[in-house]
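Next come the structures, one after another.
The following pair of complexes shares a single chain, chain A, combined with chain B in the former and chain C in the latter.
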Partner chain A sequence: MTAAPMSRPDRRRALGTAALLLPAYGWLLVTVFLPLGAMVVFSFLKTTPIGGSKPLVFTTHNYLAFIERPYLVDVAWTSLRLGFWTTLLCALIGLPAALALARATRGRFRQVLFLLTVLPFWTNGLVRTFSWTMLLREGGILDDALHLVWPSAGSIGLLYTFPAIVIGLVHAYLPYMILTCYLAVSSIEDGLIDAARSLGARGPAVFLTVILPLALPGLVSGAILIFVPVIGSFMEPRILGGRIGVTMGTVIEDQFTQAYNWPLGAALSFTMLGVVLVIFALFSSVLRGRLMPAAA
Partner chain B sequence: MTLAGRILLGLVLLFLYAPIAVMVLMAFNASELYSLPMVPTLHWFEALAGNDKLLAASRNSVAIALATAVLATTLGTMAALALSRQAFWGRSLLQLLLLPPIAIPWLITGTAMLVFFFWTGIGRGLHAMILGHVALAIPYVVLVVGTGLRSLRADLEEAAVSLGSTPIHAFFAITLPLLAPSLIAAALFAFAVSLDQFVVSYFLATPGMSTLPVEIYSSIRKGFTPEINAISTLLLAASVGLFVVSAILTRMGGEPERR
Partner chain C sequence: MARVDRRQFTRLGAAALAAGVTGSWTPSARAAAKTITVLNWQGYGTDEAFGLKAFTEATGTAVKHDYYNSEPEMLTKLRTNPGVYDVVLVNSARDSQAQAENLIDPVDLAGVPNAAGLAPSFKTHPNITIDGKTYGVPWVWGMNALAVRRGKVSGVDSYAALADPAYKGRVALFDDAVTEIAVAALLTGQSINDPSDMKAIGDKLKSFKDDVKLTWSSEDEWNKAFAGGAFDVSVFWSGAVARAIHLHDQPVEFVIPKEGAIGWLDNLCIPASSTNKEAGLAFINTMIDPKFYVQWATGSGAPASANNAAMDMLPADDLNRRIHKPEYLSKLQFMGALPDERRQAFNDLWEEVKAFYAH
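Presenting the complex of A and B:
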């Protein structure tokens, strides 16, 4: 508000706006913003302040965990690899699927297919992840199906491997990529592609010079929506990865539910957020560098 | 191009639905080890009726989801009205503040709630889970109701006011009924967000007060029983039903002007 005195209706209107906003933002303040602030404070504490009224001792020690516990670097690397492969596979499957949805289907048929691709969002993620264990385990349903066709085949037995976690995560997050790419791609007009064709562009050239640049915003927002939660995932790696499924997510979960080292868990959480932000900063500057010459 | 595209879509749908189909099939399969061939049975659904722990967790889930739907829809609609009807200083900042509950990994939001609720004495349990779920649902409600408001003509309400109606009466007599489809869709969305929420509940649940997803997680880690497939199938049917209803309602909310 400016310093100019408000007329009475203006002031009433401002009060009304504030009264409408206060409950929702007050709620978010208590349940999201203050807790995140408390986490920052906790990440600098020496011990978890449970029980007793020991004086709080502050330290930056928790943020040095990666230097003092080298195994955490391997864990972080596993998480980054999971994020990379999941995002890449989602992009490789999601963009063509979105294109097919936008260009190869029409009317009611398209609406039904679109609803079918977003419907799995509404089913419980835990249950879907567990279903993959029934499919992927040795002697599981995928093996049974394979043996029906080819009785002498060996076992696929993917469960408790890195690819099993990636399959489960791609399954969980693919609808995001299809959705964001579809929103970007569905605005491409047929005329644009016809124009490129009539000017002599072949299929791959049309894809690279017309479709891909226009789909890029969808790909980028899809990648962000997928990469961030995958880096923090703990349920899928635990269920599908078993002993090898040690990720940043599971290590952080352990600090809160098993080890009760809340300060370390908080510091690891913020380190993880920081790494994600740095990756996006690098990524966006690369993208901008790539796009600028094209725009000029 | 068209044929290849349709084949690709078919394969993607097969991939998306295979585990869901397997879960439903296994809920009706007699084998405890989830092996084929299929022997149809309703045994697991019957066993469910005697599993007090799962039933109590299911009741908690539904109670929390109902509370979340009512609270988040009320608070979110109020905020959406303020955010979409007037321009004021700080509006874009407030809109930006709706992102963290969605964008920050739930692992971090959930553990932050655990730490803060412990610290302030709010504690864990039913009330803590409702606090958390409502926070996660508010941004979605603001989004859905805000979209509904944009397609609604503000001049109808203004016309009523200029004809002598008080703003509050005009809101309840004109805007609210027209907004009803968006409100119901937002409430269903909030209900579904809460019903499927696992991560935040996991950190805020207590041994005596947990939700269905939390119970499912702990039984997966202990050794899963097919009863979980049975209750998941029921949960799936409920979620899909809600989704279909809200999909129909949002489409109705999107084009009220054409009637």
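Presenting the complex of A and C:
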């Protein structure tokens, strides 16, 4: 169809849409882009521009941090590994849960299950993380429970290890995956599955050829929602990781709170943002072929 | 080249972009002459309700508070709000910086009656004495040294314990660059404020790796981890040890190793821009009053007082008094002024050491 000039009702509808979008985008503009813009400026400064009467000096030096401080490469690798494992586990746990919620539950039962799913959102992150320390430490609740059923087992103390951080992060971010997958899975029509079965597909084949491709948009958006904040997370690594818990998130936090070197903190943040964008670019070119028909 | 006046930039930037984030937002200047404003950490003595009530009843001067969350924020508030504050709590390590920027006034200790009881070494402490003038009234002090688990660890007399294979995976460090570099400086026989061999300090800190289980960043975190049995030997604060025993019943003991300990001294200063300097000094006099200190220390808990008369008034079995023995004062190296570049170098080294611990 060729573009016709807008008729009056169309124009009115466009104005209405703009009016509906304005609060959200206005809010985003003020709360996201202005501080972010300030941080971009900060990242090119030599010293934190708060207080003092020294003149501002601009530099690109902060962006060389990864070259001048090679240990940051290891730290960034830890963050990427955390992002990978957390996202993978969330997908492995979240997709079956979403499937069960969408296809095998009804009415009030489903509401209760949903409530349980989003419960982590309603608890304070710090409280949630500290409660994991009680569970995971040597002689903690998990350890005691194991010895109750298997007295001769060695003691397990997961606290201050890499898996402990992943456990804490999966707990915090799993709801995103369940919700995005639920949306994708619940729109799969029963007829499609019946058709697959009538053509002779068994359970695994139905899952792989019908459900999984249709759930892919949910998995991908869940993965993006989880991967990005996990890369920047600092509370869970700090509290659950102990000595191991040094991530880009904690390094950046230190620059803002301890070292008072906002420019370096900002430059590190934008460098990581760049890394994440590159990863998504690679990822999306691989996925594009599969995603498009499913999303259409 | 691309130079903008920094203060202008700060004003514009702070007002337009992130007033809350930069923390330069302060209540409007007070109106009544008989009100003074104190700038301090929250819950750090000057805002004890009983003390404020007694001071206002005795002098007719009302006291308002504004708080800071970091030392740089304190300096920023003094710079950007001239005339607003009448008393400010300054870590004496920051006195010279504040003095160099003309933010604080010299005080005449003779005009502060309760200063008579101050420990002589504090009255003339190099941190607060600049060009022969005294720039603050010493108030409270403390030490950073080792805390060990009673009943499990004994005979520790050196920071070398932090690298001792006997405590493999049983050590906790304070996640603070200045403190940990000071520990390594003591261990390598250097000045904690101006170490000459940073490489030796980095190597020494890295040698703790096998022992280090975690780094803690708040007293609460330390208490939770210690109660959970996560570690037995730790770099810790003297006052916090007293609280851990007194409030949480933890089996912990404070040790001053043979290399000495890291001391800190907080002093109360008069901002140069204050318009109520006499009332401010009167308030400081109340704060160093032994009666105020004893009620503060035995009530909510306080660091050690710089006033000998106040420490002598504490009950003989008081933990604070037992931990902060006067003879320790000579074994302390006090945290002193750090130029920005050195502070940055400390932070960079500590960040590198932490990354080394993690891999």
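By our rule, the second predicted complex is superposed on the first by the 254 of 296 C-alpha atoms of A that agree within 3 Å, B and C clash if a C-alpha of one lies under 4 Å from a C-alpha of the other, contacts with A are read in each partner's own complex, and residues count from 1 in each chain.
Convention: a residue touches a chain if its C-beta (ideal position, glycine included) is under 8 Å from a C-beta of that chain, and two chains touch if they have at least 3 such contacts.
Bear in mind the structure is a predicted one, so any value in this text is a computation, not a measurement.
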| item | value |
| --- | --- |
| Which of chain B and chain C A:74 touches, first, second, both or neither | second |
| Touching partner for A:17 - first (chain B), second (chain C), both, neither | first |
| Touching partner for A:88 - first (chain B), second (chain C), both, neither | neither |
| Partner chain(s) touched by A:132 [first = chain B, second = chain C, both, neither] | first |
| First (chain B), second (chain C), both or neither touched by A:259 | second |
| Superposition-derived comparison: chain B or chain C, residues of chain A touched | B |
| Touching partner for A:35 - first (chain B), second (chain C), both, neither | both |
| Touched partner set for A:124, first chain B, second chain C, both or neither | first |
| Chain B versus chain C as contact partner of A:140, first or second or both or neither | both |
| Which superposed partner A:243 touches (first chain B, second chain C, both, neither) | second |
| Residues of chain A at both interfaces, chain B in one complex, chain C in the other | 34-35, 38, 49-50, 130, 134, 139-140, 238-239, 257 |
| Parts of chain A lying in touch with chain B, wherever the complex brings them together | 1, 13-14, 16-17, 20-21, 23-25, 27-28, 30-36, 38-39, 42, 49-50, 93, 96-97, 99-101, 103-105, 113, 115-117, 119-120, 122-128, 130-132, 134-135, 139-141, 144, 171, 174-175, 178, 228-229, 231-235, 238-239, 249, 252-253, 256-257, 262, 265-266, 269, 272-273 |
| In the complex, chain A residues that touch chain C | 34-35, 38, 47-58, 69, 71-72, 74-75, 78, 130, 133-134, 137-140, 159-160, 238-239, 241-246, 250-251, 254, 257-261 |
| Chain C to chain A touching residues, read off their complex | 1-7, 9-10, 13-14, 16-18, 21-22, 24, 70, 72, 75-76, 79-80, 101, 175-177, 209, 212-215, 217, 221, 224-225, 228-230, 340, 343-344, 347-348, 351-352, 354-359 |
| Chain A-facing residues of chain B, complex | 1-6, 8-9, 12-13, 15-20, 22-23, 26, 34-36, 74-76, 78-79, 81-83, 86, 88-89, 94, 97-98, 100-101, 103-109, 111-119, 131-132, 134-135, 138, 142, 192, 196, 198-199, 203, 213, 216-217, 220-221, 224, 228-229, 232, 235-236, 239-240, 242-243, 247 |
